[in-house]
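Okay, got some structures for you below.
Here subunit A shows up in two complexes: once beside subunit B, once beside subunit C.
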Partner chain A sequence: MNHVSRDIFRRTIRGLALAAALAMPSVALAQSADVLRIANPVAVTSLDSFGAQSADQPTISVMQQVLEPLVIRKDGQLQPLLAASWENPDELTWRFHLNEGITFADGSPLTSADVKASLQRLIDGKGPLSGLWGAVEAIETPDDLTVDIKTNTRLGTVLSNLSMLGIAPAAALEDPNFFNAPFGTGPYRVAEFTPSQFVALERNPEYRGEPAPTARLEYRYIPEVSGRITALENNEIDVTWGLPPDQVAQVRDSQSLTVESFPTFGNYYMWYNSSREPFTDVRVRQAMWHAIDMEEIKTFLFDGTAEVAKGPIPQDIFGAAEQTPYAYDPEKARQLLAEAGYPNGFTTTMMWSSMCCTNIREFAETLISYWAAVGIQVTPQELERATWLENLLALNWDSTLAEGNTITGDADFTLARLYLSTANRMGYANPELDELLLAARAEIDQDKRAELYAEAGKIIWDDAVGIFPLDMMMHAVYRNEVTGFVPTPTGMPRFDTVSKQ
Partner chain B sequence: MADLSATTTLASGRALPLGIVLPAIVVGFYVLAAVIGPILLGFDPVATSLADRLKPPMTALANGSLSLLGTDAVGRDLLAQMLAGARISLAVGAATLVLASLIGVALGVVAGYWGGAVDTVVMRIADIQLGFPSILLAVLVAAVIGPSLTNVILVLAVTRWVVFARVARAQTLTIKSRTFVDASRTLGATDAHIIINCILPALVAPILVVATVQFGLVIVAEASLSFLGLGLPVGIPTWGGTISAGRSYLANAWWISTMPGIALSILVICVGILGDTLRDRLDPNLVTR
Partner chain C sequence: MPAYLLGRLGSALLVVLGAATIVFLAMRAIPGDPAVVMLGVSATPEQVAALRADWGLDAPLPVQYLNFLTRMVVLDFGQSIRLGMPAMQAVSQTLPYTIYLALVAFALALLVGFPLGVFSALQRGKAADKLISLFSLAGQSLPSFWVGIMLVLLLSRTLHILPSGGAGSPEAVLLPAVTLALPLLSVIVRLVRSGLLESMGEPYIQTARAKGLGETRVVGVHGVRNMLIPVVTVVGLELGTLLGGAVIVETVFAWPGLGRLLIDSIAARDYAVVQASVVMLVLFFVSINIVVDLLYGVLDPRVRVDG
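Right, the complex of A and B next:
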């Protein structure tokens, strides 16, 4: 044995030690029942819920307990929260009356100026949610408790859009350091924040409602699924979510843990680039859908913890409607391909962002295997997220697989944001669909709006703009001593009702 | 790589020590498995079988065949995947070393033979590169140029040429001042003649030793790149890729990561021992000590 092999050994050992160090969460030893230790599956990079992260699940899942919206979606219905009531004085105006006597965590009262500043900041922030407010012409504050949102066209989505806007104090919004420890009118305020690693929330002393049962919430980012499960079993954390189905089965057997699985607003989708051959032909798009056995994928790959999709958006979303399913029928797929002029199939690619979604590589490989059976050769392209996003927005792809989440719970967020021909996200352009989506957005009567989305959904589904395979369920796991957990279909769990015995 | 041919030509009358024979047999077995394995047990990355997913070793599959090492998360046989992966990993290792040694030896000989400014420039570049951890450099380059087989070989060759250049330069420096080289030069031999006939032959043994030592490191580096998702594209089986894919199944399907991990470890250890023993036998400094 001389120094060369010792060197290899040393390197190997060092590598292993490094790998172990990276995999191990840094866990504080707080054991008190007053602290709920939460492991979030995706890093919280910023607490600014008005800018680039305004649609980012990790950011919102923390901030929804700090900043409150005017209206909130509960059990599928929009209900007043900070606003007491609202009306439409004319078709282009939404008037909101705020509740009296609400104060922020610093003791200052909530006024219409705060609502105006918050909405203005979201629009000016040019983040992913600012597009929802494109029709806003002016935000006016006739008095301290009244806000008028004036639009240049009728805007039917104001209420659901507002449910995504947490109100922050106007004065604090000008402070660049505010989002290091933001506060609002919610049950918690931020006590500590280290980007990508740690967020601590403590009770808001000024909160008007019943104080949250747990004094302190601590969010830690543990990237590896196995690391999170181990931490749960070793009583280093109390709760986590976002487990892949295969791990859920394992956790279910555990004596000390409880698993809760519930449907969400999230679904898998596979888009064709309809501006590229051969996806310009609707028969090709439908053929690829008929080639896939969704039931089998659901049963084996997702262990029964997903639902075969019944429409382009999950059924619990406002505006969703049930569509005719595409049956698993390879013969029909081959026939459609032959009609379209591809009797021997064709070669194409499918890209996705690595680690983006549940079982994505396994899912993609399975889809590719089904397509190979009808003669379509699909080259997999697993890309790093930034590269994937760049290609996606530049329409530089043949097909892509991803998971979407209609976080507002309103069909407009997904259908009108992505499928309008002006959005040009997947090269599909259909004037009839555009008309429906714009009419729905402008419809103030919510029942009529839902009908229009149902029609739009039917076009997207029947024209196979993409394949909509599965609606995802979320799996939250917590230790048995945790009580009061309420499932949230947004896929962003709240902890202001949770306590530890 | 340096398996049977190396041991026989280097035997030079002495009995072959166990340190050469044993690892050489193991490495030879790997090469054999990589060459004929995929022919016997074909691996089709597209042939998934969901009903057979995550089956433990020694399970009978739906199509009646026996899965010796179990199946992965989409129901593909792990053994077939590892055999196909062995081919890729060994090919990447060999190609990288050929490329790296060609670049390294050329630059090292030029630097050592002519010295002066060329020497300074080449060796300082080498020193600077050695200052970076090679895997960091590989990750950086791989992230920029994207995943493909050629790119992985290029990236790894870029991180490895330095070692070859240093050995080649050092050897060239000693050889060029030896009397037989002086004699050739007195007789009017050109630089090219001296390099080809006097220096390069003397480089073969030390470079071969470096290559064996580096071989293990290159295979591990390729596995690391694939593990980080910067190696070969999805669909091309590699050991690193398989180990990485099995990471999230460690608790309920340990075999996915473990089997290729064991295979990789054994190969790297054997190649390392082989390189060590060869070094002991060939290094003139050690022999005369």
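Right, the complex of A and C next:
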């Protein structure tokens, strides 16, 4: 080695050593028990829970700890939270009496004006939840603690809709920068927010209830599942959720981690375009359902991490009722097809969005192979979400596989939004079903509403408007030192009861 | 020189305008509608129409295009539908991360690749040279998403030396930067090695030696300087490619850069952010090319253009 190359070699080594030295002081950062480090599976792009993101899980899951609704859904029941009570002075009016003495994190008192401003903002935002409030004619504030919501038709869904509306201070809503660090009456307030990257919540000093056990919640976005699990095992984060079934099995074996699986308001559904041949015939729709062994799919494709559906919406939702299952019976499927005039099956297509949900492609391919066994050739069409949506709304498809989430916990959210013939989402039109759904929406007596949805659900199920294969479960994983985690069927965990030992 | 520079800037502006036009048209040509994406499965025609009117998407295409161009002059790309903030704000929050990542990767590639290439050339045919050649071949051939995942597995999951992703700590940049740098580093090693071998065979090297210059000066001044032009050209172009490669690497390492913003915004048909991101990337790319062109003149007086 001559002296030049030796010199260069030495310099190179020195450079590498420097780089290595830079890398060393990592990982072993002291972690305080007062900070809970959370990794979202989906980025929090905005904290504005009144606008474009009002139905997005990441936004809601953070903001539900910051803004509180008038009524809250707990253990399947709607219970008062900011509102003390409510009544219907007439059929078109919902009157809410607010609790006295509640203050926002900035010390200002909660008044009816804040409720009005919040609801008005959601409606004006024209976002995905604004449609729930289409019947609202006026929001009135007779006094500081009373709010009247007046509708042009009877609206039975007001309570469950309100459970999705967190109340923000009216004055602050005027500030365009409010959603960079929003606050409300909840146990936490937002301390820091970098869109798509990081959210930090701190205890709200004005919170009227028991202070949350953990002083600070930090949300980081880690898109890759493997990255999230690595970060958990390396003690870089404390908790995450949204794992696919194969990862759940792997994580269960870990000594340092706990997995919790629980039912949600989400399910898979497969719709037929009932305005197209051959799906105009109910026998064809039922035949394809009988051709599928759902237990087998649940066990082997989903590793037991989903439930075979018992209705068009999961059973924990208000208005859900258990239906008669479609047995796996290929013989019956062939017979129904023959009766409908397709003894040799037929050819069709099924589309889905690549960004839909866990296992979507494997699931679709499995369904397609079951159908092939009874003579139905289904061409798969995997599309990007925006393209899929455009086709879906234009009814430009034969059948589609998708995921639904009844985030309000109320059957109306899914059944009446999507299955009314006026919505025309899947080419199915049934005046009897329309009547039931509209009557349920207009029914103020909640018990009667539930009965009407049960009837509507039976029609959708028996008429096989679609196949309802599996209800989704949520899998949360946390380090063993985490305690107090409470499962939430919305699939959006909250952490105001969680602490670290 | 000023005339040359002006011409160069003029053609650069044309490139930016062309890119802006293409991205504007492409976003509207592909299927999918931002209002529909935002409203989801339950979107009604009335809701979609109301949103499109709010966002000015109901105006005729030429009007939208003119609006876009006139506002682009002052770098105003409008409001992001998805994020509820000015598109430029979203870009300026993420672009620095991408540039930082690209620059660290670039520095790594240069600081490691250049000496390795010189060393390899001087060791021509020996074991060290062969080892380095093998390394650079592998570095160029392995796809970066695979390298990235392997690095996480080894350094993060098994050895617990580095964080697996994010930009939460200063050293978090190292894994994505190494992953991103590897292909460029390999190119530099090979270019420097072959360039130096070639120039070391030229008569002026013999002359330099005959003058009695020390080997350091012969190699360092006469050898290296004369093979710099191709290296600078390729490296300059590759800096643009680094920005492109950053998109994949950013996803693997959860790096909060422009690449990820761009991908998410395309999926949401967030026209404003896509347009802002692409135009800013093109501006960056074009600026690098101008700098590279100007560097030629510094490195080799023969290509200097007089105005």
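Assume the second predicted complex is superposed on the first by the 470 of 501 C-alpha atoms of A that agree within 3 Å, B and C clash if a C-alpha of one lies under 4 Å from a C-alpha of the other, contacts with A are read in each partner's own complex, and residues count from 1 in each chain.
Throughout what follows, a contact is a pair of C-beta atoms (placed from the backbone, for glycine too) under 8 Å apart; a residue touches a chain by one contact, two chains touch by 3 or more.
This structure is a prediction, so every number in the text was calculated from the model and none was measured.
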Checklist entry - First (subunit B), second (subunit C), both or neither: which does A:197 touch? => result second
Next on the checklist: Per the contact definition in the header, classify A:33: touching subunit B only (first), subunit C only (second), both, or neither.
Outcome noted: neither
Checklist entry - Of the partners subunit B and subunit C, which touch A:361 in the superposed model: first, second, both, neither? => result first
Next on the checklist: Contact-wise, after the overlay, does A:46 reach subunit B, subunit C, both or neither (first, second, both, neither)?
Outcome noted: second
Checklist entry - What is the contact status of A:327 with respect to subunit B (first) and subunit C (second): first, second, both, or neither? => result neither
Checklist entry - Of the partners subunit B and subunit C, which touch A:379 in the superposed model: first, second, both, neither? => result first
Checklist entry - Where does A:390 make contact in the superposed view: on subunit B (first), on subunit C (second), on both, or on neither? => result second
Item to check | Which superposed partner A:250 touches (first subunit B, second subunit C, both, neither) | outcome: first
Next on the checklist: By residue count, which of the two partners contacts subunit A more extensively, subunit B or subunit C?
Outcome noted: C
Item to check | First (subunit B), second (subunit C), both or neither touched by A:55 | outcome: second
Checklist entry - Hey, what residues of subunit A end up touching subunit B and subunit C alike? => result 1-2, 4-5, 8, 11-12, 224, 226, 384
Item to check | subunit B residues touching subunit A - in the complex, by the definition given at the top | outcome: 45-48, 50-51, 53-54, 73-74, 143, 213, 216-217, 220, 229, 233-235, 245, 247-253, 268, 272-273, 275-276, 279-280
Checklist entry - Taking the complex as given, what residues does subunit A use to touch subunit B? => result 1-2, 4-5, 8, 11-12, 224-226, 229, 244, 246-247, 249-250, 296-297, 299-301, 354, 359, 361-362, 364-366, 368-369, 372, 379-382, 384
Checklist entry - Of all residues in subunit A, which touch subunit C in the complex? => result 1-5, 7-9, 11-12, 15-16, 19, 22-27, 29, 43, 45-46, 48, 51-53, 55, 126-128, 130-131, 179, 194-198, 220-224, 226-227, 230-231, 233-234, 236, 355, 384-387, 389-393, 402, 404, 417-418, 423, 425
Item to check | Complex interface listing, subunit C residues touching subunit A | outcome: 30-33, 36-44, 47, 50-51, 54, 81-85, 90, 93-94, 108, 111-112, 115-116, 118-119, 122-123, 149, 152, 156-157, 160-171, 174, 215-216, 219-220, 251-254, 256, 260-261, 264, 267-269
